[in-house]
Each structure stands twice: as C-alpha cells, then as structure tokens.
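Residue numbering begins at 1 within each chain, and the chains themselves are lettered A, B, C and D in the order written.
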Amino acid sequence: MAHNETTPDEAQFDDLIARDERIEPRDWMPDAYRRTLVRQISQHAHSEIIGMQPEANWITRAPSLKRKAILMAKVQDEAGHGLYLYSAAQTLGATRDDMTEALIAGRARYSSIFNYPTPTWADMGAIGWLVDGAAICNQVPLCRASYGPYARAMVRICKEESFHQRQGFEILLELMRGTPAQQRMAQDAVDRWYWPALQMFGPPDDESPNSAQSMAWNIKRFSNDELRQRFVGMLVPQAEALGVTLPDPELRYDEANGCYAMSPIDWTEFHEVLAGRGPMNAERLRRRREAHENGAWVREAATAYAAKQATATREAA
Amino acid sequence: MAHNETTPDEAQFDDLIARDERIEPRDWMPDAYRRTLVRQISQHAHSEIIGMQPEANWITRAPSLKRKAILMAKVQDEAGHGLYLYSAAQTLGATRDDMTEALIAGRARYSSIFNYPTPTWADMGAIGWLVDGAAICNQVPLCRASYGPYARAMVRICKEESFHQRQGFEILLELMRGTPAQQRMAQDAVDRWYWPALQMFGPPDDESPNSAQSMAWNIKRFSNDELRQRFVGMLVPQAEALGVTLPDPELRYDEANGCYAMSPIDWTEFHEVLAGRGPMNAERLRRRREAHENGAWVREAATAYAAKQATATREAA
Amino acid sequence: TPDVAEYALGLGDDALILAQQLGWWISRAPELEEDVALGNIALDLLGHARSLLHYAGTASGRSEDDLAYFRDESEFRSVWLVEQPNGDFAVTIVRQLLASVYFAHLYDRLRQSSDPTLAAIAEKSRREIEYHVDHATQWVLRLAGGTEESRRRTVTAVTDLWPYLDELFVDHPLIDRLDGIAVRPSTLYAATMAELTATLGEAGLEVPNGPIAAGGGRQGRHFPTLGPLLAEMQVLARAHPGASW
Amino acid sequence: TPDVAEYALGLGDDALILAQQLGWWISRAPELEEDVALGNIALDLLGHARSLLHYAGTASGRSEDDLAYFRDESEFRSVWLVEQPNGDFAVTIVRQLLASVYFAHLYDRLRQSSDPTLAAIAEKSRREIEYHVDHATQWVLRLAGGTEESRRRTVTAVTDLWPYLDELFVDHPLIDRLDGIAVRPSTLYAATMAELTATLGEAGLEVPNGPIAAGGGRQGRHFPTLGPLLAEMQVLARAHPGASW
C-alpha cells in the first residue's frame, strides 16, 4: 500500500468527520486521534479529581449548612465527572490504573488552575464563577466533539457545571451584599482568580500550534482567543451585577472591532505554575498519592472479596 | 529448712525494714515484696502515662501562650515521671516491654481518675489542684518508702507535682477572678472533680484489707482515710481563697473529733469506672495502643540502626 | 415545646456531626466511587440535620445556622458514637454501620410519632438510611472477608467503637416527658442488636465483650474530639457574627 | 519600627506554628523519651515565639496573646514549611531538620543584628536550636539507616517537604528596609543547603529534584492547613474576648 493512499477505514473516518458525525468506540480511528483523545480526556478527568481539593478545603468550614450542602454536592459532582471521563477514556483502551498511576507519578497533566490555593471562603465563589465559567466556555463546544462517548460525557458535565457556576455567582453575590469584610473578601478572590481563569484558555492563537489538528478532527471547535473573548463577554455584565471590579484597568468593549480590548496577559506566572513551581503543585499530587496509598488496602480487600465470592458462586453452581 | 525458720537474708531484710532503712536492688527481698512493688510502681507509671491524655487534650487550645507553655511542660513532666518509674520497676526485674504490653492489653491498672473527660479549660485547673493535690498526699509518704529506687523517684516526682498543683490552683484563681462565664467554668470543673479526687485515696479503711502488709513493709505509711482527711484539710482553706464551693453540703470541721465531717462517698460510679464503664476507659487504652502501634516502625528503625552501628564499630576495631 | 425541641436537637446533632465527619472523606476516599457514595451519605445526613435543627429552632426563634454555628460544645446534644473520629476507612465504615442501623430502627419507629413534623422527617429520612445501612453492610462484609489486613483493621474498628453503642439505648428523663412523641431508646435495643449481631455474624466477626463507655452527649458531656471539630466547623461563621452567606 | 515588628512577627510566627504542631506529639510519640524530647523542642520554640511576638507587639501596643490569638490567617507571617502538617514521625523529623538547620544559620547571623533585642533573642535561641538540629539529625540517620520501612518513609518525607525550602531564601521587600537589622534570607542559602546536603548524604539520602512551591507566608498567603490549625488554637481565647487566663 502506497504511502499516500487512503484505506477504506480511513475514508470512512474522514467521511464521518466531514459530515460532523460521531466516531464510536467500535469505529476505526487513526492512532493519533486516539492518542490525542486519551490525552485530552484523561487530562480532563485528572483536572476534575485534583480540582476537588481546593474546594474540599472548605467543606468542614462552610459558613452555613446550606452552603455546606451545596459545596459537598459540588465536590462530589467533580468525583462523578472524573468517573464519567475515565469511562470515556476506557472506551479508547486506556485503563484506570494506568491513568491514576500517571497522575500520581506526576507524568500526567491536569489544569494548572488547581495549583492555586483557596485561602478564603470567597474562593468558593470565585472558583465557581470564574473557573467553572471558563471551563464551561471551553467545554460546551466539546459536547459536539466528534468522539461519541466523550461528547456524551461532556453533555452531562456541562449541565452540572453551569449549575456550579451559578452557585459560585450566588456565593459572591451574597458576599457583595454583606458586610464590608465580606465584600473585601469577595473582591480579593476575584482579583486573585481573574487572570488565572483567563489563562485557562491557553496561549494566544499565534502561539498555539497544536490546535489546528484538533480543530480539523472536530475535537476543538473554537480557537483559544475566540473562547477567551466569549468568556470575558459573559463576565463583564455579571461583574456589574455583582458589583465587583475585574482587575484589568484596560478592559473595555471595542465597538470598532466588536470585541473586548484587554491588558496583555502576563504569562510568566502561568509558565512558573505549569513548570511545577506554583503554590500548590507539590501538595496536590502529595495528597492524591496519600489518598491512593491509604486506600490501597481497601481496594485490595474489595478485589479479594469479589474473587472469593466468584469462586463460591462457581463452586455452588 | 523448717517452715517458720528465718533465713539470714530474711533476717537482714526484716532488720532493714525495722530500722526504716532502704532496700536496694542488690539486696535480697521477699518475692511478695517484689511483686507488690512491681505492681504498685508500674501502676503508678501507667497512671502518669495515661494521665497525659486528659491534659494533652488542651495543649493545642490553651488560651494564652504562657498557659500553653506551662501545660506542655506539665504533660511532658508526666512522660518523665513515667520514665523514672519504669526505671525503678526495671531494677526489680520488670521489663518495659512487658509493662507496656500489659497496659495496652488492659491487664495492668492505672488510676481510675484518668477515665474522666476534660471538656473545659477549667479542668486543667481542677486536675492540677484536686487530682495532683490528692496525688501528692498519697505520694509524699512514698518518698520514704522502703525501696530505695522507688523512694528516690518519688522525691523527684513530688517536687514536680507540687509545682503542678500550684499551677492548677493558679488557673482556677485566674478564672475565679475573671468573667462570670470563667467563674462558672471553674466551679463546674470543681464540682466534677471533687468526689473522684476524694476517691483516689481508695476505699474506707475498714474495707481496705491489703493495706496492712504494705504498711508493715514501710511501703505505705498512712491509711486511706487518714490521707483523705489530710487532703480535705488542705483543700478547705484553698477553696475559700479561690472562692469556689466544694460540692459537699455536709462538709465542716468537727472540733470534737478533730477532723472533717463529710457526706458519705458514693462509690457506685467509682466502681463503674473501675469496672471499665467510665466515660473514657476505652478511649484511653485505644489511644495509648494507637501511639504504641504507630511508633512501632520508629522503634524498630532505632533498634536496627543501633545494631548496624554496633556491627560497624566492631568491624572497625 | 422546649422538650420536643430538645429531642429534635439531639437527633439533629447526631446527623450534623456525622455529616461533618463524613464530609472530610470527599476527595480522600479509597476510590472515586466512594468519594461519591460517602458524599451522598453525608449530604443525606446533612439534610436530616437541617430539617431537625430547623424544627428544633422554631421553639426559640433560632435558625438552623444559629444552632449549628453559635452553640458551644456543652450545648450540643450528639452521642459519642457519631463523635468518634474518622480513623481509617474501616473505622468510618463500622461507625456508619452502627449508627445507620440504629437510625434505621429509630426513624422507622419515629414515623408513628404523634408529632407530625417529626413523623414526616422520619418518613423521609428512613428511606435514605436504608441505603446507608446497605452501603455500610456491604463494606463490612468486603473488609472482613477481604484480606488479612482488612480483616484485622475491621476487627479493631468494631472493638474500638462498640463501647459507644450503649449510650444509644439510655432512657434519659427527657424521654419520659415525650410519651407518644419520642421513641424510647431502650425499646430499640433488641432489634438494633439483633441486626448488628446478624451482620457481624455474616461477616464472621465476633461481637465484642469489652468495656462500655458511659457517654453523656444528650446531657452536653462530649467526647474530647468534639471540641476541635466544632472549632473548625464554626470558625468562619463566628468570625463574622450576624453575616449572611 | 513597624518594619522591625513585621520582621519579628515572621520569625515569631514560624516558631509559634511549629511549636503548636509539635505540641500534638506530647502523649502520642513513638516512645516516652520522644514525648519528652519533642516536648522540650516545642517548649523552646514556644519560648522563641513569645519573645519575638512580645517584641513585635511593642510597636503597636499589642501583647503576645493579642498577636497569637486575635490575628486572622491572612495576618500571620509564617512560612509554608512550618505549616506542613505533622504527618508521620518521619515527616515531623524531616520538617524539624529542614527548619532547625535554617533557624540555626539564621539566628547565628541575627546575633550581629544592630537591633539589640533581636540580637539578644537570637543569642539565646541559637543555643537551643543547636540541640534541635542535633536531635533531628540523629533521627534522620536512624530512620534512613534503620529498616526498609523507615527508609521508605524518610525518603517520602524528604521528597514531600523539600518544595517548601525555597521560600525560606526569598528576599521580600521588607528585607531591603532593614539593612543591618534583618538577615537577608538569600545569604543563608549556601550554608543551609550545604549542611542539609551533607546530612542527607551521611544518611544516604538523595537531594530531591522535584517541584518547588511558591509559598508566600510572609505576605499572608498560607498553606491550606493553617486555617484549621488556627481555628483550633484560637477557639477558646476568642470565645472569651478580653478575658484573662
């Protein structure tokens, strides 16, 4: 077979993509497509799992029982998202053990945003509003991603995420309507999370060479800068409603270009955090490893018990 | 050798006791004397060790840095007392491992007073004033106990205990000079600890058959009731100075008999606690076992390291 | 009445303290499925606590949050069993088994309370608690029948927690004043013990025969770890008195 | 001056938080000798904290207790290394090694401070810290050279704590305003690292090469466990504002 010739499998795959239809686990797919998806889906799963920690930090201290319930449900949802996404990755041949191992060993990436700490209760609001908000902008298009199990997982996840975002907004709203100390707490959290949230969309388009292939495969639908613009457009009226100031003095709507003008993003800190020198990188992995290792005897017990039960059932048959 | 004949060893022992001199580890002693001492000293050691827990409960929450320092030093002193007493018992052939094992397995006794909880800061005062106070009344005579290493350990311990008692008194004094809430806290703690402290001297003399032999051996010097009287006599003026009420409406000095009249002691709870049904019996042992088990790998490491060092030194020689 | 409020407070505090402790596991469980499962149970219990505290507060014009965040340790009414620290997963699971089986029998009977609010809360809670019992039972079977290590840890957990069962069946004076409204704790003893004994038996575990702890939570006397637990739970609310969240 | 006070506050908070954490071990150590030894070290550190906080408070008329009990998390100035939880005995010991070696070099240099109070505190503290270094070093040698398990735990502890060393050597702007008074943290790097590397080498342990944590404690940004630690430490004092103890 000559190098540039298209096999029937390839032709069918290309055709499905061209018609914007779903690729399913039984379908043939190029290795690079599979690898890209496994990397992206497992990275997303790991972000959900690591992303539990910054918020779990406030479960025991939530300042009202209603907020405690909402926060518990949210962090628990993130565990659920991790499970959906692991399942989607498993349809591509990845195993949960391998993915977990890669995470704990520090070989797998997760969203860098979770390497920031959550020193105050207002961070629960800012994470919901800004981080989940940015995640939704990133993820809504993924509900139409070409790989079926991923797209379907994203539909469920996005539904819950938009709920989380509203809850984050409500936390901040309550704080901004509260005492001066609560208002300061809210503004401080927005100041700390605003730029990292904008950085969640990744580098500017002209420095993001890997995006093209993902867009061609209908995994990615919009460029980093397009999504960032959409996000800022969503934030501006909400910030007004909250009464918080977005920490960018240059931010304004540019009528002429039909988009928001903003200060240049300082990527220095982003790259520091990405390189493992953020405030919480070491702790996030340490704690995940600790939970995994402390749970080893439980998982072993469950496996051993299931094996004994299976033997007993076989022998009884 | 006829049954009632006295050996030279026995004669020397009896002579030393008669002259109220010290028995030392190298001296011959009757088995029963040795057993009584090992039981009493190890029980005392265990009381010091278990007795760390009710107070350690407040180290992290002590309400001033000065009080935190005093409390840390006190609980640490108790560990030191445990060490002195283990050393004294070791001179009688007991091993620390055996004593520890007996404690953790629930076979060895410790003072029942430590099976009560310490729900408030005022308990740090009440324990110092009442429990250490009662302990001192019990222990000062032991500084003249016939067994040398025990007597010498008790000299050091009593010196520190009387320091602890004064600190307890000061805690209560500060509370009684404080806010109404602090005063209530102090009185409540005195109410809870007064009767258990009186019970520390053991049953009334007419129900304490084992004391006679210990008195004959110059291990015990005063009867339970004598010590209890002495303790109450010490408390009454101190309670007045503090401004706390001792929770016994019948308590008064009986001029005619030259002693304090008091309500009959209700021994029901004492016997319940002694039988393992006190509030904290299970927890005190659980926590000691946990510390011991969690420390096993450390002790093993220290032993292994020492062995390797010894080998290296021998080989170098 | 204040007596009904006091009774609801005790049940509410049991649920609240247990929910608070289980909440710690979310993000720390042995597998993601258990982050979800323990989270669900914690949320159910927190729901029970909110209903009960809300009801308990109506007598004195206090909100659920007034009761949860602005009472001191001695004003709490939880039993020592739910105050036992999480320990390892075996301790948490065995604590869940003991507490859930008790709650199941209690709420089943409380449905017949002549107090309609308590009856309604019991009706709703009971169904959720059935799942809690099932979850704990399945795990006790797995842990006791799994590996040598898991069995050893489970035996230790059962031994360590058993002393705190006794308190659950004590008829304190309040109960005498709530005839027809409250469930008399001593009347739950036989059925609860029968179910626990059966479960332990199925798991091949012995019923412990060790010390019994006196407890005293319903009278405001608590296990030493409750103080630090409340310090953490209440710290933010108390730093901003009067604030709304 | 406020700058000197801020500097003393940072050092005082380091000692206070470490003392608070070590205090937990008293009654829980692997052997009685260590209940005593860790208690001694905790007491020394608490003494340093009291001297430094007392001095820090003079500028603003606040007592050591005002500073210890009535500041919020963001007003604390401790570094992340001392805020790391106790973990197992290996973590506590390795944390002690890293912190004590740093403190030893710091206080040794601080004796030459042109501020006589700081110089006097440093002089007194330095001698005690030498014992702390020795205690930690001996234990690191034992644990690393003991059993397979103790070695594994020690390697993990070194790996997990190493990221928090970096923060100790950051020259924040305050330092520029305290020439001759404060010790410039970056100037302690070489000697501290040389000593730590030598100790790890003697123990047969590798110097980690993993991530570095940004820290930020001197600016009031803290490790997540500091909040609950303070909640527990401050709960009683805050429940009785204005009271004397």
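The rule is simple: a residue touches a chain if its C-beta (ideal position, glycine included) is under 8 Å from a C-beta of that chain, and two chains touch if they have at least 3 such contacts.
Source: prediction; values computed, not measured.
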Selected pair, greater C-beta contact count between B-C and A-C: A-C
Chain centre separation in whole Å, for chain D relative to chain B (CA means): 35
Contacts with 2+ other chains: residues of chain B: 60-61
Multi-partner residues of chain C (each touching 2 or more other chains): 227-228, 231-232, 235
Topology of the chain contact graph, where touching chains are joined (line, ring, star, complete, other): other
Full enumeration of touching chain pairs: A-C, A-D, B-C, B-D, C-D
Contact set on chain A toward chain D in their complex: 57, 60-61, 106, 117-120, 272, 276-283, 286
Residues of chain A that touch chain C when the two form their complex: 49, 52-53, 56, 59-69, 72-73, 75-76, 79-80, 82-83, 86, 121, 171, 174-175, 177-179, 181-182, 287, 290-291, 294-306, 308
Chain B partner contacts - residues on chain C that touch it in the complex: 73-74, 160, 163-164, 210-216, 221-224, 227-228, 231
For the chain D and chain C complex, residues of the former touching the latter: 72, 227-228, 230-232, 235, 238-239
Residues of chain C touching chain A in the complex: 16, 20, 23-24, 26-36, 39-40, 42-43, 46-47, 49-50, 53, 64-65, 68-69, 88-89, 141-143, 145-147, 149-150, 153, 232-233, 235-237, 240, 242-245
